[in-house]
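As structure tokens, here come the structures.
In the two complexes below, subunit A is the common chain; its partner is subunit B in one and subunit C in the other.
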Partner chain A sequence: MSTIPINLEWLSDCSGCHVAIVDLHEKILAVLESVTIQRCPVLTDVKDYPKAKLGLVSGAIRTEHDRHAAIEMRKSCDLIIAWGSCAVYGGIAGAGNVHSRQEIIDAVYTGNKTTGTHTPPTREVSALEPSVSPLDSVIDVDLYLPGCAPHPAFVFDALLALLEGRSPRTATGESVCARCRRKMEKSDVDRIRKNSEGVPDPDRCFLSQGYLCMGSVTLDRCMSPCPLNGIPCSGCAGATMQVLTEPNRDIRTEIAERMSRLTEIPREAIVREIERTAKTHYSYTMATPMIGEKPTFLIQKWTDEERDDYEQDHNH
Partner chain B sequence: MNKTITIDPVTRIEGHARVFIDLDDAGALKAAGLVVNELRGFEKILTGMDADRMPLVTARICGVCPTAHHLAATNALDNAAGVEPPPAAKLLRELMYMGHLVHSHCLSLFVLQGPDLVLGLDADPAIRNVVGVVQAVPDIAKKALRCRSIGQKINELVGGRGTHPVTSVAGGIAFVLDADRERQLNAWIQEAHGLVLELAPVVKQLLMKMLDANPAMLEQWVIPAWSVGTVKGDGTIALVNGEIRAIDESGARKAQFPTADYDTHLSESAVEFSYMKQVSFVEGETRHDYRVGPLARLNVSDRYGTPLADQEREEFVRTMGRPCHANALQPYARLIELLYCTERAQEIMASPEIHGETRVPVKFSGGRGVGHVEAPRGTLIHDYEIDENGIVRAANLIVATQQNYALINTMIAQAATSHVINRPDDQALLNAVEFGIRCYDPCLSCATHALGAMPLEIVVNRAERPHVIRRNC
Partner chain C sequence: MVEINVHEEACRGCKMCVDICPTKVFAFDEEKRLCVVEHRDDCIACLSCAYLCPSGALRHEDYHIVKNFYRDLAFCAKMEKFI
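Let's turn to the complex of A and B:
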């Protein structure tokens, strides 16, 4: 049987997307039968970029090395999958974009509480780029597979689909709510609660209880494990298709709309709270210049305002 | 003219890490080390976020040991809020962790070191990988991979997810154990324990065979250093809660302290050629290099506290001594921990307390929270400053691999001295560096990543004529 050559690469990331693929458990054999893994930093020792039909790239562009590797992958592969939220949106590393490169270096090397030295590394390492960028800001991407990490079932399906020349079956446009079993019910809750406040009711929608769950605006690439296990969704897979494609929908207004209908909390108060905690609620997608049609530069502004408020409060 | 030798990439971590060796005109060693080439800057990224998010966001530091970060973060948050999670929550967190360690240790033993053990250090690199192991000993390999799978499944059933678990929160665990989960967990734990019992003697035998064939591993590739790990009050090993203990090269106890005091004992310093900082143990005016991880934990603790692990530990101490500084025995210590994990998981399931309430409410009223765990590769510390609104204002992290970093670099320098400078023996250099680094199993995403056998390329610049030693796998 002829097999399809594939290359895998990781850029600035946690390697979780690669580890998650091992969690296909027994099914991994089915994948391995139909592909020939060439370059793959976890499994093989191929150092260059051989020609491949398919390339999976995880991770964001943080260093000059990342940019170079992304370009090499594009040159060597017919199709490129942006694999995981880091590649699609910049992921958690992108939350560094509200800080300058210098602020990051300072936090680690020059002003770190347990670090006795005060100089950053000066040789051998690749320079950090001024900011973190998602993969498609550097190369063309053919398929996006967000999720942090995407559930192995989606990776499996995406691979098989591409190999069989069909479109992926599991990767629907549904939100995390679709698999969540909590009930959206009208309540008289009149205040937003922090996730750690109180002990949530296991059967009721978090929004009904005053917790900011991101499930309704987040694409399901994970099988909704958080709300099924007592934790509000924190949006690690990025926005749903509706948010991405419909100009009048937006993460904060969508949540505010729904939550204000379910509770006594005013819509405006919810919008304001999400803006005030922007770094918490947009953590995984902040490096992308646009979420769908909506520019994200406001996130930077909201985060700066919150930090200024804090510094003002604490400096006198 | 200076000479530079570069080993690139060190492991299957190209772009993330490589090794270099610099010689001066006279051929003497100038500098050598492991270059870690990634920096995401979590200490800055975390600031300005809700403290509640720490267990979720810090897991993304490392996809290889996310559960360690997840739990170190919740320990820190419990301390910041001044709450004590209910007993059931503590047991469930520990159970999640036992699953994670089974997964992680099996990956290290069978995927990373398995090829050396089964096929020998001098086997053809083309087959010296996990596929080669599967072909050579299909039955053992299948059981080992199954065992890893079960570990991850336990982690997932308790943690909600395998990679990047979510259920541990400030104040406890976000769900209550039901009968279905309990049944499934018991079945998996039994199966994993059975597999570990079958695998342990095989691994041990392979390891001993390798040591017999390579006596240098126990005679020359030994770096005496301090050891740091975590123990309970009575000296029993502790992996998710406990005090940090340090011993010196001879085994004398030098310090034992609660997590929050780590900053008076440990000092980081930047390395000019790497994004990863190294850490030393401060004793007055002196700074000591130290090791962390399974071997260090065996060195510092007095017992594991479960029968089979303690029986094997006695055998280890009798034959190898304690403290032990032979890195080649790291897999042996890891194997004993694997036994401990499946034994401890059974104890946890048998404990009646596991059925109680799992969560207490939490409020952050401003202050510092420090927490730690023993990650698969060693002590992992999270330290947050949280304001009165529950927002993280400053964060400091010390990860396992950083603490072994000084010793990794010493080892590379030793290998360079013995194998390059007076004896340009290419193959021996490759083996020594590769084996030495792999013994520390450096997790470089906690700085980035290392899995698997090593493709090495060494460029030796002698009199400006580059000589390339390459091993293509």
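Let's turn to the complex of A and C:
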């Protein structure tokens, strides 16, 4: 039986998406019956870009090399999937957009106290792009598969559907809460708790207990492992469809809307706390124009205010 | 006639739909901790419940779709490509 050639490429990301392919475990055998993996940075030693039917590209556009690799993948593959939250939204590298290129280079190379040399590299390391952006800012993308990494079930489902010539199941409107088993109930909690504070009740919704959890504003691409194991959702699969489609709905206002109905905490206090910790709560999606260019998304202002507050507190 | 489907596995029992519905369509089953569509005929398809539902457990069918003029068109163009 002839197999379908595929290429995988890895731009600026952590490698987790490639590991997710390995996490298919024995199911990968079913996939390998139908595909031939050509270029794949973690599995093969193919340096060029052979012609392929399907290309999976993970990672954000952070460096000039990322741009080059993305363009080569588009040229060599008939169908391109933006694979994982970094390729779809820019991912956590997107936090770099709050700083200038020079600030990043200064912090990493010039002023880094833990390295012996204090000069930025001039060769072999690719230069930074002016800003971090998602894959579709450079090439046309045919399908988007968000998740950090996308759960193997979704990767498998998407690959199998494409191999069988059917359309993959498109994203549903369900959020991480849909698979979380915690009871969401009203409480008289009147202040936000830090994640490090106390031990959360394992059967009760984090929001009901005053912990900030992003489950209700995050697309289910994971099977909810974090809240099921005692960790509030950090929003790694990106925002739900209603936050993405509507400029006036936003991560912080949607969480505040629900949390203020469940607890005694005022809506404004929740919005302010999420703004104060915006680099954490918007970390996966801030590089995409869908979130970063919302008229109400003012991360530079929020981080400046937070720094001023911090400095004021520590000068007295 | 508007159909409202509740995905029972996804319902977290928060009662927000019960609280927000302007026409009191929903009741709450305390034993199962699930919302129940009790007065479907009263639904005016404002979709307030679907927007507020934390887990996206509510789906409406057979209603007149009003397109929001303020949608993010750049995202809407690629929405169908999200898998």
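Everything that follows uses one rule, which is that the second predicted complex is superposed on the first by the 296 of 316 C-alpha atoms of A that agree within 3 Å, B and C clash if a C-alpha of one lies under 4 Å from a C-alpha of the other, contacts with A are read in each partner's own complex, and residues count from 1 in each chain.
Keep this in mind: contacts are C-beta pairs under 8 Å (C-beta built on N, C-alpha and C of every residue); 3 or more make two chains touch, one makes a residue touch a chain.
The model shown is predicted, which means the values in this text are computed figures rather than measured ones.
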Which partner does A:19 contact after superposing on A: first (subunit B), second (subunit C), both, neither? first
Please indicate which partner A:27 is in contact with in the superposed arrangement: first for subunit B, second for subunit C, both, or neither. neither
Partner touching more residues of subunit A, whether subunit B or subunit C: B
I'd like to know which partner A:191 touches here: subunit B for first, subunit C for second, both or neither. neither
I'd like to know which partner A:257 touches here: subunit B for first, subunit C for second, both or neither. second
After superposition on the shared chain, which partner residues are touched by A:301: those of subunit B (first), subunit C (second), both, or neither? neither
So in the superposed three-chain picture, is A:145 touching just subunit B, just subunit C, both, or none of them (first/second/both/neither)? second
Given the touch rule stated above, what does A:93 touch, subunit B (first), subunit C (second), both, or neither? first
Dual-contact residues of subunit A (subunit B, subunit C) none
Residues of subunit A touching subunit B in their complex? 10-20, 22-23, 25-26, 40-45, 47, 62-63, 65-66, 69, 91-93, 95-96, 98-99, 103-109, 112-126, 128, 148-149, 194-199, 202, 222, 225-226, 228-231, 234, 236, 277, 279-280, 283, 303, 306-307, 310, 314
Quick one: in the complex, what on subunit A touches subunit C? 81, 136, 141-146, 154, 158, 168-180, 182-186, 205, 207, 215-216, 240-242, 244-248, 257-258, 261-262, 289-290
Contacting residues of subunit C [partner subunit A, same complex]: 7, 9-10, 12-16, 19, 33, 50-52, 54-57, 59, 68, 70-72, 74-76, 78-83
Which bits of subunit B are touching subunit A when the two form their complex? 9, 12-16, 20, 35-41, 43-45, 47-53, 56-57, 60-64, 66, 77, 81, 125, 129-130, 148-149, 152-153, 156, 160-164, 166-167, 169-171, 174-176, 262-263, 266-275, 277, 359-364, 383, 387, 390-391, 393-394, 396, 398, 445, 448-449, 451-455, 457, 472-473
